[in-house]
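Pasting the structures here.
Note that chain A is present in both complexes that follow, paired respectively with chain B and with chain C.
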Partner chain A sequence: MAEIGIVVGEARPERIQFLAKDVVRVGEFVRADTVDGKVLYLVESSKLESKLLSKVGDYITAVEAREASKVNPRDTVRYCTARAVGLVEEILNGRRVYPTLPPDPGTSVFLAEDELLKRIFYNNSKEWVAIGKLLRRENVTVSVNLNKVASRHLAILAATGKGKSNLLALIAKRIAEKNGTMIILDYHAEYYDLKIKKVKFVPPRINPRYLDSEELADMLDIRSDATKQRDLLRRVYSKDVAKSPDFWGTLKGKLEGCANNEDEDFQTRATASRLLEIIDRGLAIKGKIFDTEAESPLNLIEPNKINVLDLSELTETQAQIIVAHYLTEILNDRKNAIFKKNSRFKSPVVIAVEEAHTFIPQDRSSRCSDVLARIAREGRKFGVSLILVSQRPCKLNADVVSQMGSFAISGITHPRDQSFVMEVTDEVSTELGATLPSLNTGEMILAGQWVTVPALVKVYHVEEKHMGRDLDAVELWAEEASVGRKNISTEELIRL
Partner chain B sequence: MTLKQFFERAKLLKQKLQEEESSERYKEWVDRAKDVWRHYRPKEVKKKIAAIDSGWNYRTYCGFYLYAIRAMAVTPSSEIVIEPVVEVDILPMEAEGSGVNPELYMKSIAECYEHDLASRASNLSDVVLVDGSILARLNEKRILNRVKLFKEYAVYVRPLRNSKNILFISKYSQDRSLVGGALGDVYYINKATRGIGYTEPITTEKDGLVVSVFYMRLSENSDAIHVEVPAIIDSEYVKSVIDALYSTAVKGYPYALMVAHEMASVPNDLIDMISEVVGLSVLPTAREVLEVG
Partner chain C sequence: MIIGHLSDTHLGAYAGKDKEREQDYYDAFQEAVEIFIREHVKLVIHSGDILDSSKPYGTAMRVLAEGVKRLDERGIRFVFTLGEHDISNVPSTPHPYILDVLGIANYVGTGEPLVIGDVVIAGLHKYKKVEREELRKKIKEVANRAKRVDGRRRVLVLHQGLIGLHEFAGEISKDDIPTDFDYYAMGHIHVSYEFRHGNGLGSYPGATHWVDWNDPETSFVNLVDLSSDDPKINKVRLESVRPRMERHVRFEALETLVRELTSLKHKGHKKPCLLIRAETSRPFDPKPFEDSLSASYIVDIKQVLKEVGREVLHEAPEMDAELRRLAEVVLGSSEKAEFVLFELLKALNDEDWRKGALEIIWRTFKEGRLK
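Then we have the complex of A and B:
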């Protein structure tokens, strides 16, 4: 293979700079020899400059300089920086070992051969699944390690429209192919028409007996500042209500007793009446969520399937309460499985949290942030892993994100989000981070333990996943209008 | 304290210049420049162009100085026309009062190399451009007589005689012989004209070398440049030079000379590296001994 550049400037073991003969794109893989052996590098920045045109200060001079520059090949400088991703021989043996010395200045830089990249990125052993192609080499398939996803957690951090839900659907599809168990916490009903095999749509269900009075108040949409209503609910929501065969009847009976009790003050009686109205309204609107007979929320979730839990009709707090209960149960169930006790999930469970910043916000704790943090810390031991999905990384709890072993990143434009990403993963440098906004839909940086080495990847498009795209409003309006016209007969049109 | 004095002086100077520009004699000089200027609409003609330039740098040590000189002949596309000349050496300073300092000495040697390269390149190229003025060079090098070096310098000038395709180009000419104003001719030409054009060549003689002198402007609204050709030429020749150079000129300056300048320069980091290779970097330089700490 022909030399494409020469190492110049200050070279370090982890990073080199080289002057290139021709254009070298960010995301390309190059190699150079060091004393330790051949090293694979990922091109993180590529700068193209005309020395002459850099100095001009007006349009006419720029026109003249452009013509002059055209005839002088020395005038155009192509300057690249590349980060070492490991010694080639070690990568081929499945280890990521970094060089201890940089290449000598003047060392030749070569494009990494397709065959070499295929050996590095494609793996057909059972724990690996194909997920896309290298962005700069369309003939090189990239595999990721599902075992790492199922044990060391994954964060998908990308701007809206960059392919977060497509990647999650692809992971779900691959997990389904491997007979795995996955739960997608679907906050915006993005997966309701996911058409992959083994998908199961699960309506959220919760047994109100397992809720404390504050959670019950939240689930019934009692305002957080309605302290009198909450206080009264706490007073009447006793153990005998929780154990009563007729949960709602007993609870309402107690409140009716209050409302009609002449000994109670006027305010309490009025509050009891208002609570009764709220409960009736709550049961009318969200009655399906409450299942007073359910032993565990897990009964509806099926092992070895992709379970999509639709949280779209719940408020933020309600969704957090439901998630907290589900995840606590799952973690306990998996602990039982590990300790050979009775359990529903005999094998690891992957939990995908869409809109993760809603559930583990940075600046406050949520109803489910404790259990999510616990899974992030301890889940690996019990076979419960997280896939956090968010378009605002900096709004995520940094402690939880720091537990993520793998990352898929794309299209992050906000500087705070960019710096957050660089803080939590040392594999995305400032230079590489600068390319994030320019990535197109489906183009992502994959980093961490689930890939052999970090890479820019064009993720496969999942045809079975339709939601997540913007609605074609104009088409939908036209469709609706044409449907409307069909209902009007010619005679009716003439009459009009 | 001194800053205030500087700015007061600067304000006075501005006033003086404004008075000068509204004077009768200034108008006469500008009119004279307008009279001698010939507008020209160039036609692009492809010619083989070579540009010559040199660079030098030095480091002074106790009792001697280390110098490096590089002279290049290149095309606008950075190709080497003739093998470059490179010289690295050490020399003691000339005796006090001789007037020959390291700068003058190196400049003289570099110019000798430039003249040699220009002479040889003239056989291989249609137009050979050299950065500078041959007349100014000859004037300045008179001082070399004091150390008996002028004859040696002249040896390298001699082959340039009657070389019609060698052009000495000055961007900041101080020549006042054409307009005869208080400032250089090019100042009045730039005040009087802005279009592409030239002045008729005028022939002069210096140390046995016949030189034709003219001004030309290669692109509109740029500064005119001063040109010397060591031969007798006419205005048709001047037009042919503009035709050959205008299409690749940047801000009115031939691009080939920019390339030659870039490639020939000996920057500070290079002379420091050379000093290291020679093994002199451990010695204090003249500048370092002035530094305390």
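Then we have the complex of A and C:
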């Protein structure tokens, strides 16, 4: 293999600089010898500079400098920095060991061979699944460790349109292939047409008996500033209502009693009538969500399936309440499983949270942030893991994100999001972070425990997932306008 | 000679949605088959919309195959054409055609005349309204071909609406149909209807079971006597059809109505379908009412909001009305919405839309219509 560059300048064990003979792209893997042995490096920045052209101040000089630069190959400098990924020998054994010394100045830098990269990135043992190709080496398959996803949490942080939901769908598909249990909290009805095997669409259901009066008020769309209504609901929503066989009947009966009670003041009676209206309206519109007979929401969720929980018809608070109840039940169930008690989920459960900033916001607490934080902290022990998906990382609760063991990152443009990403994952350096906005759809930085070494990866496209793209409005309009005027005749439709 | 004629059986309707109601369509078809066997007809003509869906569930196909097999075992030929429900919107073999492949029935929708005994049968599959010209041409061709075949009686089988007979479903007028036939076996319209045409007689037997609430409550199949020169139709009523009731009520009176209805005794063999339109000032929870009625009815309660006059949506809204409502909201007035939807949009859909649309906008502006 031919040398592609020479180590120059100040080299450190963890980062080297080299001058390259030809173009070397960011994301490329190179290797160089040190006294510790061969070290694999990931190219983090690649600069191209003409000394002559960089100092010119006027057009005419620039024209002359261009000519001079053309005839003088020394003038074009290709300057790269690369970060040590680890000793090649150790990586091949599945360990990350950094060199203790940098390569000597003047050491040759080589492109890492495809064969070597294949051995590093492709693993066909059963906990590893293929997820894409190396961005700079289309013939090197990258696999990730699903066991790490199912225990150490994963964050998918990427701008809209960069392939977040595609990656999540791919992971879901892989988990389904392994008979895993997964729950996708689908906040924007993005997965309703997911066509992978073993997918189950779960409508949200909640037993109102298990809600406290504030939660019940939220589920019934009572405004948060309607304190009188909420106070009255708290007053009438007693234990005997929750235990009554006819939950709504008893609750409404109490309110009716209140509305017709001459001893109550006018205000209270009016509030009671208004509450009755709200309850009826709520039941007429959202009646399906409430199930006064449901033992536990868990019964709807099936083990060894990909369960898509459609939260799209709920408000933010309602979605949070439902999520809080579901996740608490799941965590408790898994605790039971670990302590060998009766449980529904005998094996680990992966929970994917779409639009995670809605459920664990940075600046305030939500109805479900406690349980999500608890799963992030202790889920590993009980086999409950999170996949957080978000396009606004800096709006996520930093404590929860810091528990994430693995990352997939792409197309983060906002400086605050970028610095947040670099804060929470030490493997994305400032140099690499600078390339984040320039990544195309499906191109992602994978880092953390689910990959052998961090890498720029082109994630496979999941055919089974259609949504998430922008609608082709022009085409759809044209289609609708031509309904009934399709060129295909009835005769052609009948194939005998 | 007597032939049996039925149409619009819609086998497989409500499949996967309501078991009882799904069975209604099978019952009606099976009853029709039994009538034809009992009356010793020579052949049975089905005028299309055999299935409710062009991608039917297995049960619908099974019921169809069993019925046709029973007829075949008694030497009664099953002859059919296809309605729009039988034809899928991707080019493919329509499911009923399998019966023809198996040799237990004959598809006559191609226009090729078929001779059974001394009866010549010719037909066409359903043509869409936009294919009207082609349909006219084809019918003439079919008539000419049928004329050249020897036979004592001629029957034309079509799945089309006649203009003037039904508001929406018309594709051709009676004048487009040549008068060379003795019997015109029609399908598509769910109402039983007879008409004279030339020296012959035409008839829609109607659906074998009502499909929506606008269809008539009673259903028939036809026994057509072709032995004399003057054909005669004997309509036989199907007994298996599910009865239905519709009630309008104000919310205040709903409870009384429910009590009244639950105490009613039904003579029939089937629970009636019950549609209640309840006028109310605010939405209510229909479940308790439905629960107390469900023992003796298949019940559907629709809520009509009094002050707005709109229905609470339990099913997909009417798209045209919704489009109009949205257009009104966006454009600010009903005149503008009407102009855009009924005049401008139509022009924009035409081939020469630039000219047409500009003309309309200019004219409207000049008239000062939309200030």
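In this text, the second predicted complex is superposed on the first by the 482 of 496 C-alpha atoms of A that agree within 3 Å, B and C clash if a C-alpha of one lies under 4 Å from a C-alpha of the other, contacts with A are read in each partner's own complex, and residues count from 1 in each chain.
One rule holds in what follows: a contact is a pair of C-beta atoms (placed from the backbone, for glycine too) under 8 Å apart; a residue touches a chain by one contact, two chains touch by 3 or more.
This structure is a prediction, so every number in the text was calculated from the model and none was measured.
Note on chain A: of its two partners chain C and chain B, the one contacting more of its residues is C. With both structures placed on the common chain, the touch criterion links A:Gln267 to neither chain B nor chain C. When both complexes are overlaid on chain A, the residue A:Leu52 reaches chain B alone and has no touch with chain C. Looking at the shared chain after the overlay, A:Ser224 reaches neither chain B nor chain C. Looking at the shared chain after the overlay, A:Pro73 reaches chain B, while chain C stays out of its contact range. In the superposition on chain A, A:Ala481 makes contact with chain C only, not with chain B. In the superposed pair of complexes, A:Asn179 makes contact with neither chain B nor chain C.
Of the two partner chains placed around the shared chain by superposition, chain C is the only one that A:Ala284 touches, whereas chain B remains out of contact. On the chain A side of its complex with chain C, the touching residues are 248-249, 277, 280-281, 283-285, 287, 481-482, 484-485, 488-490, 492-496.
Contacts from chain C toward chain A in the complex involve residues 82, 87-94, 97, 107, 109-110, 125-131, 134, 282-288, 303, 312, 345, 348-349. Chain B makes touch with chain A in their complex at residues 76-78, 219-221, 247-251, 255, 258-259, 262.
Across the interface of their complex, chain B is touched by residues 51-52, 56, 60-61, 64-65, 67-68, 71-75 of chain A.
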